[in-house]
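For clarity, chains are labelled A, B, C and D in written order, and residue numbers in each chain start from 1.
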Amino acid sequence: MRITTKEDYIRSLKEQHHVVYYNGRRVEDITVHPAFIPHINAAAKTYEMALRPESEDLATAVSHITGQRINRFTHIHQSTNDLIRKVQLLRAIGHETGSCFQRCVGWDALNATYMTTFDIDQKLGTDYHQRFIQYLRMIQSTNKMVVGGMTDPKGDRSRPPGKQSDPDLFTRVVERREDGVVICGAKAHQTGGANSHEILVMPTQAMAEEDKDWALTCAVSLNAPGVVQIFGRQTNDERKFGGRLDAGNPDFGLVGGETLIVFDHVVVPWERVFMCGETDFTGILVERFATMHRQNYGGCKGGVSDVIIGASALAAEYQGTHKASHIREKLAEMMHLTETIYAGSVACSAMGYKTPSGAYYPDPLLANCTKHNVSRHVYEVARLAHDIAGGILATMPFEQDLRSLDVGRYVEKYMAGVDGIRSEDRMRILRLLEVMTGGTALVESMHGAGSPQTQKVMYGRLGKLDMKKKMAKRLAGVDQ
Amino acid sequence: MRITTKEDYIRSLKEQHHVVYYNGRRVEDITVHPAFIPHINAAAKTYEMALRPESEDLATAVSHITGQRINRFTHIHQSTNDLIRKVQLLRAIGHETGSCFQRCVGWDALNATYMTTFDIDQKLGTDYHQRFIQYLRMIQSTNKMVVGGMTDPKGDRSRPPGKQSDPDLFTRVVERREDGVVICGAKAHQTGGANSHEILVMPTQAMAEEDKDWALTCAVSLNAPGVVQIFGRQTNDERKFGGRLDAGNPDFGLVGGETLIVFDHVVVPWERVFMCGETDFTGILVERFATMHRQNYGGCKGGVSDVIIGASALAAEYQGTHKASHIREKLAEMMHLTETIYAGSVACSAMGYKTPSGAYYPDPLLANCTKHNVSRHVYEVARLAHDIAGGILATMPFEQDLRSLDVGRYVEKYMAGVDGIRSEDRMRILRLLEVMTGGTALVESMHGAGSPQTQKVMYGRLGKLDMKKKMAKRLAGVDQ
Amino acid sequence: MRITTKEDYIRSLKEQHHVVYYNGRRVEDITVHPAFIPHINAAAKTYEMALRPESEDLATAVSHITGQRINRFTHIHQSTNDLIRKVQLLRAIGHETGSCFQRCVGWDALNATYMTTFDIDQKLGTDYHQRFIQYLRMIQSTNKMVVGGMTDPKGDRSRPPGKQSDPDLFTRVVERREDGVVICGAKAHQTGGANSHEILVMPTQAMAEEDKDWALTCAVSLNAPGVVQIFGRQTNDERKFGGRLDAGNPDFGLVGGETLIVFDHVVVPWERVFMCGETDFTGILVERFATMHRQNYGGCKGGVSDVIIGASALAAEYQGTHKASHIREKLAEMMHLTETIYAGSVACSAMGYKTPSGAYYPDPLLANCTKHNVSRHVYEVARLAHDIAGGILATMPFEQDLRSLDVGRYVEKYMAGVDGIRSEDRMRILRLLEVMTGGTALVESMHGAGSPQTQKVMYGRLGKLDMKKKMAKRLAGVDQ
Amino acid sequence: MRITTKEDYIRSLKEQHHVVYYNGRRVEDITVHPAFIPHINAAAKTYEMALRPESEDLATAVSHITGQRINRFTHIHQSTNDLIRKVQLLRAIGHETGSCFQRCVGWDALNATYMTTFDIDQKLGTDYHQRFIQYLRMIQSTNKMVVGGMTDPKGDRSRPPGKQSDPDLFTRVVERREDGVVICGAKAHQTGGANSHEILVMPTQAMAEEDKDWALTCAVSLNAPGVVQIFGRQTNDERKFGGRLDAGNPDFGLVGGETLIVFDHVVVPWERVFMCGETDFTGILVERFATMHRQNYGGCKGGVSDVIIGASALAAEYQGTHKASHIREKLAEMMHLTETIYAGSVACSAMGYKTPSGAYYPDPLLANCTKHNVSRHVYEVARLAHDIAGGILATMPFEQDLRSLDVGRYVEKYMAGVDGIRSEDRMRILRLLEVMTGGTALVESMHGAGSPQTQKVMYGRLGKLDMKKKMAKRLAGVDQ
């Protein structure tokens, strides 16, 4: 059955009966649980926008396999134009949610796996690509939401998988059977995991020959036996259980909602296995997934930053500081930082190229550059928002104080800004700013799609330093 | 009765019966309420350290009025050495609490009022200084904790007090009576307000002649009729009600704990009034308070940053990344930023000078410089901490997940780092980092002791631009 | 006669007999004068690359007027692909020259005038566009080099043209005659002026109705009577007269070579006048020229920065520090900054659109963003180059010391680095770095295509702040 | 004979007959050579200020050896107050010269050697300290100028002295004789070398046991046989031979003036040898010299930056932009950066302490911090100066154009700014800015007193990371 509307999506989650823990307890139905509703709402936007005439062009595409119009989040990119639309779509949904809407990670996993299974088959004569096309066909037709399962817990980072005290710290095949493989391990930081249907498991790093058992790509239904999800804490997560004002962005939350997804002897049928031991292709798969995921960040975080900029401008207006030149300067700086990250996403898309599989791929160096700027600029945008909003961001009373019969009048009176603006509205905008610029949201910008150092390392590999040295020698007149 | 020990301090708060609201409800006894205990613990350190032989020299001083040994937080600085010790003391307590311990703000208010009442009397023949010395004597002998009441709600920031729609948006005298004045208004962002005994109200900005009624300095007992405090929300404040692990810094919290202190027709006896209408002295009082408060920030935030650096180093060690050169580089950068802010605090102290009142005053330009660096560097320290700690900071399971019979074993297993470190300890350090580098703690660094633009403005006033232009002309050979 | 080869170009300059002053003296033939040769060489690359098979595709285009293959530097952009090629071409020539090759400024002037004359005619029924197409046809067929004459001297920046003490501080029409207009004034910072054939004069800012006489666009031959050029000083310009080693980049210099071009009652025939008094179109012409010129900077400065990166890497290798992790980190950072500016240029091109005239135009907000990053990042690239190269950059002996019979052996001996590298080669690379990262080259990055504040201002105009405020209100639940 | 006045100083240089090469030729008398006069003038300020009543207190001190009043540049610091005065003195001379005045480096060498010879004698029973006191007594009484000879050429930086292909790449003892030692090698970047009397040679890094021959501290007269100096190129150095306007800072130049000092079999008598083979003390001597030299940079560069700020403010005034809010903001930022570096110098002085020798020593961590900020902030000050001054900094005509009968009137006319300011004066200020913010001056700020990475490394050593980890554990509740 195809998931088309938000209601379809919610129903599908309700019926899925997957195992999710929150704060030490199993959640029977996440669709009615306050900790999960905002994340479901955000992901639902990826379905809703595909139904709106004005965003249909961005949010849908024509499948190159079936010729059917599909949700773009399940599409294999067929042109640089497709790559640019991806970025535009992400910024547009960021405007709607002010938060992470989660579904790009699975999309990137689909594209990376598509390209890489093609290459494996070409080289080794396997049939992974055909298997994967079958799987992709199912995803495109059902419009299911897929998690991209990249990051392993990794234990002692100075050791490879096979040298960990506990071999499960990297997800692995513990048994090869006729009907499939049995896997153990976990994937950490799984954005949208709780409200997805599938996970596409990939290796977390380039593997050496001896780490064959960890060279695994496969798709797992999140309601398969042995799959357990544990939802992560977020900054101010308990506010979701209180009033809407203090929640700041009550409908969509502040991040995607991450889970630790545990695989405790999960059986995966062979038709869902897309790499199993081909260590030579682990590096390229990781790099492709990372590149495509890095491509996104100027789009989605660009959109989210736009909302922060708007809220900062309102905060200034509401307290009468918006005409001060330093405020205008800071807003301009925030816009500059935001356009800088967006420019990166557009540029790597425009300079994208066709891979042997036919799928288009963004320029990896520029995608890398994009994400690296995000890991700095989103923090600076947040800092400037704090600067503009003022100290009240740190000391504002509770919504319940505003509602109190005893002290509500004081809160009302002393939270007043310029004439004509309700204190309550001022408080709403400040809370929105607070949640969008605090802990978890920032950390997500830093480490999502790879920690900063993983990008720095790529400059060493992709930066063509030798060519640059040659140019310098020629100009300086050095012959050697 | 003199408050000497932590127990004395807690008892004094218990017996004070001041009016404090939290989350819409009056709190009968803050000393047993989880939202307040961490802040009380932090402030109590200012009493405890005065009793420890090894810190006595820093934490106490000899009163220049009485010759008695007193808590340094009630001392009027008598030398540049006193100013330097202030800074050293603040860093030392920062090391103990990893948080704001609140008591410097009242201390700065005492010193600023001391200097300024002297000046008013010199010029106008009033007797404010003697009144104030009496008050100070009481504070020194009882060792009470004083809030420095500077910041008014201010409503529309583009208008002066007398042009606000509601005149109470700046605290003011509404009636002058034989026994004292009646005041209305509020003070915002009152650090440590809930667990203090007194507030020393000061004007929030330089006032023009027509704003006489707002030119008010006076001391108010926090249990005086008409004084109502409303406690502000903080990032993750609800974690104080849960387990210790998720609280991160369970004993001391993440900031000082701020209240909105409302004065609803509070009567202040004349002997507690230290300025009443002398608008000419409002500017200098504000500047002095601001200077002395800005002096602090390289001390206390230096201490707090030291803890963040230590926690970041541990986080790296626990996951096996501590030998990577980029990690060592980032730790060095964090230390560099921290020593830069500390250097500012030391420098403005060393270059301090004697005011006409006899009290010593830090160099205002350098104090300003210090705070301005804090408003940037603490954010960068936090950003680097996030970089080092990794994405797990944003997605780590709840303490209750770790304790769960169902999934505790998974959390234990997959939160493992290097051999020999318990997953639980790794989680503790990460939670400490999370709470020390998130929303409210950062905003406090930005806006405490004045927003960044208030410092920028001081460069225009104190920067001696004319002298600098003369030097340039001389060197360039311009005669005019 | 069509200029095709470098030789053609040099001959054309030799025969032009235009008036150029250098260091207080008229230069009879710039093509044999050491101060000009490097700039001529750099500009000549724009001719040479069009003749090379491997760069022909980038460096030429098909004229939309004549269908002939023309030098791309005279082309009107017909697609976003044309815009992207422009950027790629600039980076490629930057690699060849390590310097400014000057010719983009006239190119941008041609495109901006093309678009804007179309608009004027549409609105006012004038025939400027046809006149301009005739002019453009001549430029495309002769392949002459055109200077874009935007910046006036401007005198007192706080006053408009008509309020200056000297009305010539903005270039203006002093007389309208039957055969044309007579103009007075000057254009400053005219990159490549000394070795160009034509200048396309444009207004320097949006003009008000009363400043009609200054609303002037016209083409002037640089050998027209009354045109006088004065060449500007550059950092280390006297090294061009000494040996090649100390010159650093002996063949191409460090910047484009700028002149002050004075118009002392120059007669301009009507067929070369493309705006004369239409003040309403001054703003859009300036904005278009600025946008297209800002588009370039990630291309050309990206190319130049690549050379700096290469030279820095060599400097490290030659002294044995290239394996230090901090050096690798700094090289990666330089590459990151370089790709960031390049990404901006690509992005504004990819998001370009068709104007009513048919010519394509880059996205102005992203072009703006690009240049603003250049005004920061090129300085940081230079700073990192200095960091890597070491103090020797500031204290290295003269080439003549190396050549000296007395002390040459000491220079040789003590400038030695790692085995196998000649001291002289090490010195060459260091000198290249020195000249590429010093004074004039940096200032050019700051102010070329508009000073940083002109870009900041554009964020206020193009940043869609109202839309952003609306998004924030919706998410925060503010209805107003 | 004691050098007291500027004239004495010049005479002493004239009579010294030391060997100095400039641009491949021996300079017979540096005191009349344009390349050297500015540097002599700058160093002469250290003599002149000692004679002025208003600066005598800063510029002189009482010798702890003889009780005589001496030039402070020869003084061994006897208190933290002495350390602070050092910093104040440096800033004051920076205001006078806008350049490096060179003499602090020898001063720091004297203090470092004083402390360390004491320690060697204490441990090893040698008599270096007494020898050194004799030498110091001579320096104090003659008031000679001493170069601090720290940095060796170092060749391949990845190898220690004994592993270089050429052992002279680190200065060393090649023969021990009865009357003294014979040394070979060179010292690079020797600030003020050409116009000094003595060099105090010190080892450039911590030496291992096997590098005994390179563990050398000794004093050498610069006119001793075998000492040859080669003067380094500077940015725009040829302008010293032209008119004063283009020179920018015609009287004092832009940097100290550095030489490569070669020792070609120079004999050093034993009474001038203060370390010879005691490798254990090389590290501490280097660290002490570096610390005391790093202490300076917020003083001297603070003074120099003040001049840049003044010139920037004038540049803005002269062109009518000084009231723009962004200009005021940028000037404030420049002052902020300048006070930040100054604060570091003051702070490390105030936190200084007494060494076993009795000499006072600044806090090494804070001194380190100071210099590290200088290596960033001076660049940013320069960048902001460029931003304020405008593109004219890069394209301004020559002084000879202004003087020209042909085009002088054009330069006059078009370099005009606001009414009442002569174009020539505007040009002077712009040239001053240009020379103070370009190549060599910046590199000096980066690498003087140690390259940035040498400071980063010190954080690892002095940053007390273990203590910080303990604090974090305690707060987080980690027991281990």
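Everything below uses one rule, namely that a contact is a pair of C-beta atoms (placed from the backbone, for glycine too) under 8 Å apart; a residue touches a chain by one contact, two chains touch by 3 or more.
Please read these numbers as outputs of a predicted model, since none were measured by experiment.
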Looking at C-alpha means, what's the farthest chain from subunit A? D
More contacts between chains, B-C or B-D: B-D
Between subunit C and subunit D, what is the separation of their C-alpha centroids in Å? 38
How many angstrom lie between the CA centroids of subunit B and subunit D, rounded to a whole number? 40
For subunit B and subunit C, let me know how many angstrom lie between their CA-based centres, rounded off. 51
Multi-partner residues in subunit D (2 or more other chains touched) are 326, 329, 456
Subunit B-facing residues of subunit A, complex: 21-26, 151, 153-159, 165-166, 168-169, 186, 188-189, 228, 230-236, 238-239, 246, 255, 258-260, 262, 264, 319-321, 323-324, 326, 375-376, 379, 383, 386-387, 390-398, 400-401, 403-404, 406-407, 410-411, 413-419, 434, 437-440, 442-444, 446-448, 451-453, 456
Note: in the complex, subunit B contacts subunit C through residues 325-326, 329
Using the touch definition from the top, list the residues of subunit D that touch subunit B in their complex. 84, 95-98, 244-245, 248-252, 306-311, 313-314, 328-329, 331-333, 335-336, 339-340, 342-351, 365-366, 368-370, 372-373, 421-422, 425, 428-429, 431-432, 455-457, 459-460, 463, 465, 467-473, 475-480
